[in-house]
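Below are structures written as structure tokens.
You will see chain A twice below: alongside chain B first, and alongside chain C after that.
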Partner chain A sequence: MNINVTINKSLKIPAFYLFFIIHGIQTGVGIMGVPRYIFSKAHQDSWISILLALIFMIIVAYIMLLILKQYENADIFNIQVDIFGSWIGKLFGTVYILFFAATLISVILTYIQVIQIFLYPTIPSFVVTGLLIFLVIYIVSGGIKTLVGVTFIFVILSQWILILAYDPISRMDWAHFLPMFQASIPDLLQGVKATTYSVTGFEILFVIYPFISNKEKAKLPVILGLCYTTFLILSTTAISIGYFSARDLGDIEWSTITLFKNVSYTFVERLDYLLIAEWMMIIIPNIAIYMWAITIGMKRLYKIPQRITLYTTSFIVLIVATVIKSDIYINKLTDTLSSVGFWLIFIYPFVLLPLVILKKKWRKRKGSV
Partner chain B sequence: MRKNRRSNKKTDNIFPINIDELEARLQKEFKNSPDLSFSKYEHHGKKIAVFSIPYLVEASMIEENLLKPLLNKDIPWTTQTILDEIPLNDSETITSFQEILQKLIIGTAFVYVEQAEEVVAYLLLNKEKRSLDKAETESLVLGPKIAFTESLITNLNIVRWRIRSTDLVMEELKVGNSLPREIRIVYMKSIANEADINTMRQRIQDLDVDEIEDSAVLQQYIEDDSLSIFPQFDSTELPDRFTYAVSQGKVGVLVENSPTGFIGPSSLFSFLESTEDLYMRWGAGSFLRFIRFIAMFFSIIITPAYVAAVTYQFGIIPTQLLISIGQSRAAVPFSPIFEALLLEFLIELLREAGARLPTKVGQTMGIVGGIVIGQAAVDAGLTSNILIIFVAMSALASFTSPSYLLGTTIRVVRFPLIILAGTLGLIGIVFGLSLLIIHLIRLTSLGRPYLTPLYPFQWRDMDKVFFRLPINITNKRAKSYQPKKLIRFSGKEASKKRDIDE
Partner chain C sequence: MKYKQIICLVMLSILLVSCIPTRDIEKLGVINTGGVDKLDNDLIEVTSEIFHFASQSNDLTRIVSGKGKTIKDSVENASSKSNFTLTAEKIQLEIYGKETAKKGILRYIDTLDRDASLPDSMYLAISDTSAKELLSTDSEDISLDIGQFLHGLIEENSTDHLFPRINFQDFQSSFYDIGKDPYLPLFEIEDGIPILAAIAIMQDDRYVGRIPIKDKLYFNLMKENIKDMTMELGLPTKPFEKYIEKEENISKREETLHTSYNILKGSSKTKLIDQENLVFETDIKLRLNLIEMTEEVLIKNEAVIKLLEKEVNKAVKTHYEELLAQLQEWNADAFEYGSVYRSHKDKGHQLTRNEWREMFPEITVNFNVDAKVVSHGAAD
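And then the complex of A and B:
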């Protein structure tokens, strides 16, 4: 098996779009509810946790790039096969694919949950799933260029939401942040871990890297993307802490959306409705990228055509998302993903890097002898 | 097929032949239509025939320059002497009978001396055409008003006069197997991208159709995605718009007998550009262009938003407004979606009727439709007056599109969106818009992305699409289309500043 993949030149994308890809996949349903989770661990010092998470993320992203740089043009699936051999490598690759698939389903389920709570209490989940999956199929069958285009344009189109934040900001009580620096180190680290679910996704770098045309410039957009996501999480958490009282924040499940409930104008009210509908545009790039990563993974590992994977996965997702209804299962899925994601995304690269470097050295020695 | 034709040529050489026999053969081809004029003369003891289709040739030219010398000069006529002595150019000698027939119907007059080896043919085409008019469908306040006509020759003439450069190429192509039609590909050879020219040429050459009815039909034949509802070539009847695009490195196509040319590759935004933006000062130009973008979005979104808000998400309407909407809707027997569809349908009826009727009646009809029916519908309690305002606004907004094709597309897109809004509320609208955007991202024109320069993102081209900058800064052509020459003039020279009191 050839480790390096050759990508048609017309399919390559400039590194500049990595900013939008990283930000687009990280920002999804997580940010809608994350302030509560971080707050429950680190309380008014949550912002420190988030900044720590950013530093941690940048280190991990740097290590990822370092791993990828050891090869000419390879993605995680091929690297694992190279390091661990065909069997274990493929097993690990499959773990990644399953993780992507599970995340995809959890994103859809969470979004359905939000729609059912705020907009339509009785809407069947297969309707929403069907709509989302339809769009995802349309995007992914257009190839990576369409995928990147959708991510790029949808990320830009959803930025207007930020303007609405002026209202909760103006009602914030800054005293909620006091006294500062009360959380202990373990609490802060717990807060960092709580942040991870909403920032998972940048492992996509492992998959999309071979498609980048100017790889030497990849670092800056990746880091900026991470920073921007963190900035959004930081601001929503900070606004939530200032806007809600400490006791309420523990009870409000979708605090980010609730923040906008009070924004009103003389011609339009209840912007949270608009926000949830608009959130579809934030979800779509998210799940489309995951779906694309699944199809690419299956192609690299098992040589299954992307179209077949796309249709079968869509079908499976449609069924699973229809069957799982109870909040308990959804929360369980989210929790499991969050802890698996922590190990897979934040810890695993640290293990992989020395192995990759050792292998490279070993190969060099073998080559010189 | 080509081989066949060549072998035909050999066999259908019927010359030398008797004049009576030639006449009989020709009349046989024109059975039942008394079009062929075949006159026989005798001169120096030799029979000479002159034949043509009278309404296709210029009678005065035949009279003055062909018959007069032919009958008055005292020379024994042979094919050679005719060629030498008759004061007409565009002459050729033909031996094939089939060729004679083909040339006859495009306005050629023939002279045949009995028992000669060849026929002499003179192209004396008399093509009826209308005079140059003001543009009807695309009207401008500033700038040239002249429009293309149905005559290709006239159109080429206009284009040549607007771009006086040897750089301008007008390639000739023929399309249509049974009814061939002349097509010209117009581009600047030192500017236009080679790949675009080749794609355009290739697509037109590869067409295997019996005939193309118009340039709009040719457009549909060679589009990238024929399933899409979006037009993929910019068609125009304005020579200034056509030549501006050509001089910026795009490829234009003119079709015989069609008063519209089209230009490719185009982007969605090029349909919203008007040459008038260019003639305005940059501030006003940018403003008008911005207004048009807003109008398109507005036109698509406003009625579906009303339907969604009134049907499902009435929470987003403030209480005061909700009361007045409720009051105006109280008497309406329809659900919001049906009400909206009905009213949109009514507006479309008005528009379509207005387009079909003669101008004088059209105006009256606008008044009847707009005021009488609109007012009466509200009074009768068929619709709410708020919806009337929305529908009228969205119709008005859709008319601001400089391209008639895009305007139509936008009006069509509204209907599925209203249905989505009526079934799924705001979620439906966002779904519909997302689908639309994804479709636009996937779409290409001549193989180039339809949403350039938005995606693939090209920062330097923004000033050509979304707004205009002062003219001394815009010294480059659009990079998205990869023209051979990017620079139009030196930017340094243009922005050089003199010192005070220099």
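And then the complex of A and C:
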């Protein structure tokens, strides 16, 4: 198996778009409910946890880029095969694919849950899943250029939501942040961990890296993407802490959406309804990129054509998303994913890096001999 | 080949969209205002004013009521009495009867929080009579329907997020925050017309007493910065005697000199001075524009202004002290001193609700009022 992949020049994308890809895949359903989880651990000092999470994320992203740089043009699937051999490497690659698939399903399930609670209590799950999946099939079969284009457009088109935040901001009670620095270090670290589910996604760097045309410029857009995501999480959490009372924030399932339940205009009474519909623009790049990563992974590991994986996965997602209904299971899935994600995304690269460097040295020595 | 696929996807999407449940507006009764009263034997009665858009009828609104064990149950009961499906997505105001509020309104609040289809922007209020009675007032003098009228009373009597615009979120926030007690507007029926009569002071979720509506300024000032509001103050006439125009002012002078001001800017700041003995200090800053005076006090020089300011300081301070004493008697911390105390609490210990309940009647507050009469209108 050739470790480096050759990508057709016409399929390559400039590093600039990494900003939108990283931000687009990180921001999804997680941000709708994350303030509550961070708050339950770090309380009024949650903002420190989030800033710590950003530093941690930047370090991890740096490590990822370092790993990728050891090869000419490889992605995680090939690197793992190279390091661990065909069997274990493929097994690890499959873990990645399963993780992508599970995240994809959890995003869809959470979004359906929100729609059912806020908009249509009786809408069947398969309708929403179907509509989303059709769009995803359409985007992914358009290839990476369509994918990146959609991400770019949708990220830009959904930024207006930020303007609506003026209303909750004007109602904030700053005393909720006092007294400051009450959380202990373990609490803060727990808060960092609670942030992980909503920042998962930047592991896509491992998959999309070979498609970048100017790799030397990749670092800046990646870091900016991470910073922007963190900025959004930080501001929604800070606004939530100021807006809700402590006891209340612990109870609210989707605090970010509830923030906007108070915004109303003479021409639209309930802006939260529009917001949930608009959230589809945030979800679509998310699930489309995951779907694309799955198809690429299957192609690299098992040589299965992307089209076949696309249709099979879509079908499986449709079935699973229809079957799982109870919010207890959905929360369980999310919890499991966030703890698996923590190890897979934040810890695993630290293990992988020394191995990759060792292997490279070993190969050099062997080459020189 | 590609086109066939796309057409297939589009067709399926269109088919799926039709699965979304529809609701025709002609068949809906849109609840605009709701009223909750507790009856005997654990039943509650919900009275709501609904909008309906059926073409046969001339009246746009109608009052319906239903009884049940829970709010939703009562609405369901009301629904069965009318030919509409009642929906509460556009509810603007929820009113609780005073007797109901005395027993606590938390149990009626839960559904507002749990049911995501309800807006957070709805105002909460208390009625001196039962909510049903208030919503059933039918007067020629109100050109609007009663729900819109009451909503208007709340909207027009304040600006920004100030009292009496207490919406569900504000209430919930002050209810759940440790060291704060909520207060709500109180409606009364006077000569057959509902008026905004008082501030209903709550201890947690229970109504404990009322304070006249004209004091809303003092409450708003404790909470946020205010501007462009009118304040009336009664000052003793005595200190001003020598400045009063003797010749023109023939009639016998009153004991009190009534004055009105436009507050250009008002702010307050509270500090905890002594944690041990629970001593607080509240600095109140007022920039005033004198707009009315019941006696002809000639404001010729700075000394008169200084005197006026001194008297204003005294009057505001006294009034705050009276209000605080009243709140302490009811043990309802509407001025949010507990919140300040909580913010200064030492590390490792969280202030609890009961602790503050015991402490609040014991606190002492030094009010320092700094009023400046910036201008005295177009006359001396």
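The definition used in the following text is that the second predicted complex is superposed on the first by the 369 of 369 C-alpha atoms of A that agree within 3 Å, B and C clash if a C-alpha of one lies under 4 Å from a C-alpha of the other, contacts with A are read in each partner's own complex, and residues count from 1 in each chain.
Rule of thumb we're sticking to: contacts are C-beta pairs under 8 Å (C-beta built on N, C-alpha and C of every residue); 3 or more make two chains touch, one makes a residue touch a chain.
On a predicted model such as this, the values are computed, not experimentally measured, just so you know.
Chemist: Quick one: classify A:Leu131 as touching chain B (first), chain C (second), both or neither.
Modeler: Both chain B and chain C are touched by A:Leu131.
Chemist: Identify the partner contact of A:Ile328: answer first if only chain B is touched, second if only chain C is, both if each is, neither if none is.
Modeler: Once the two structures are laid over each other on A, A:Ile328 reaches no partner at all.
Chemist: Check whether A:Thr146 is in contact with chain B, with chain C, with both or with neither, and answer first, second, both or neither.
Modeler: First partner only, chain B.
Chemist: Based on the superposed arrangement, let me know which partner A:Ile185 touches: chain B (first), chain C (second), both, or neither?
Modeler: Neither partner.
Chemist: State whether A:Asp248 touches chain B only (first), chain C only (second), both chains, or neither.
Modeler: So A:Asp248 only meets chain C here.
Chemist: After superposition on the shared chain, which partner residues are touched by A:Arg171: those of chain B (first), chain C (second), both, or neither?
Modeler: Second partner only, chain C.
Chemist: So in the superposed three-chain picture, is A:Tyr120 touching just chain B, just chain C, both, or none of them (first/second/both/neither)?
Modeler: In the superposition, A:Tyr120 contacts both chain B and chain C.
Chemist: If you stack the two complexes on chain A, which partner ends up touching A:Ile163: first (chain B), second (chain C), both, or neither?
Modeler: It touches nothing on chain B or chain C.
Chemist: Chain A residues touched by both chain B and chain C?
Modeler: Looking at chain A, the two contact sets intersect at 120, 127, 131, 138, 264, 269-270.
Chemist: Using the touch definition from the top, list the residues of chain A that touch chain C in their complex.
Modeler: My answer: residues 117-118, 120, 122-124, 127, 130-131, 134, 137-138, 141, 170-171, 173, 175-176, 178-179, 182, 243-248, 251, 258, 261-264, 269-270, 272.
Chemist: Could you list, by residue number, the parts of chain B that touch chain A in their complex?
Modeler: The contact residues of chain B facing chain A are 312-313, 315-318, 320-321, 424-427, 429-431, 434-435, 437-439, 441-442, 449, 451, 454-457.
Chemist: Taking the complex as given, what residues does chain C use to touch chain A?
Modeler: Its residues touching chain A are 5-6, 9, 12-13, 16-17, 19-21, 89-90, 113, 116-117, 119-121, 160-161, 167, 169-170, 172-178, 339-340, 342-345, 347.
Chemist: Considering the complex alone, what residue numbers of chain A touch chain B?
Modeler: Against chain B, the touching part of chain A is residues 16-17, 115, 119-120, 127-128, 131, 135, 138-139, 142, 146, 149-150, 152-154, 157, 264-271, 273-274, 276-278, 280-281, 284.
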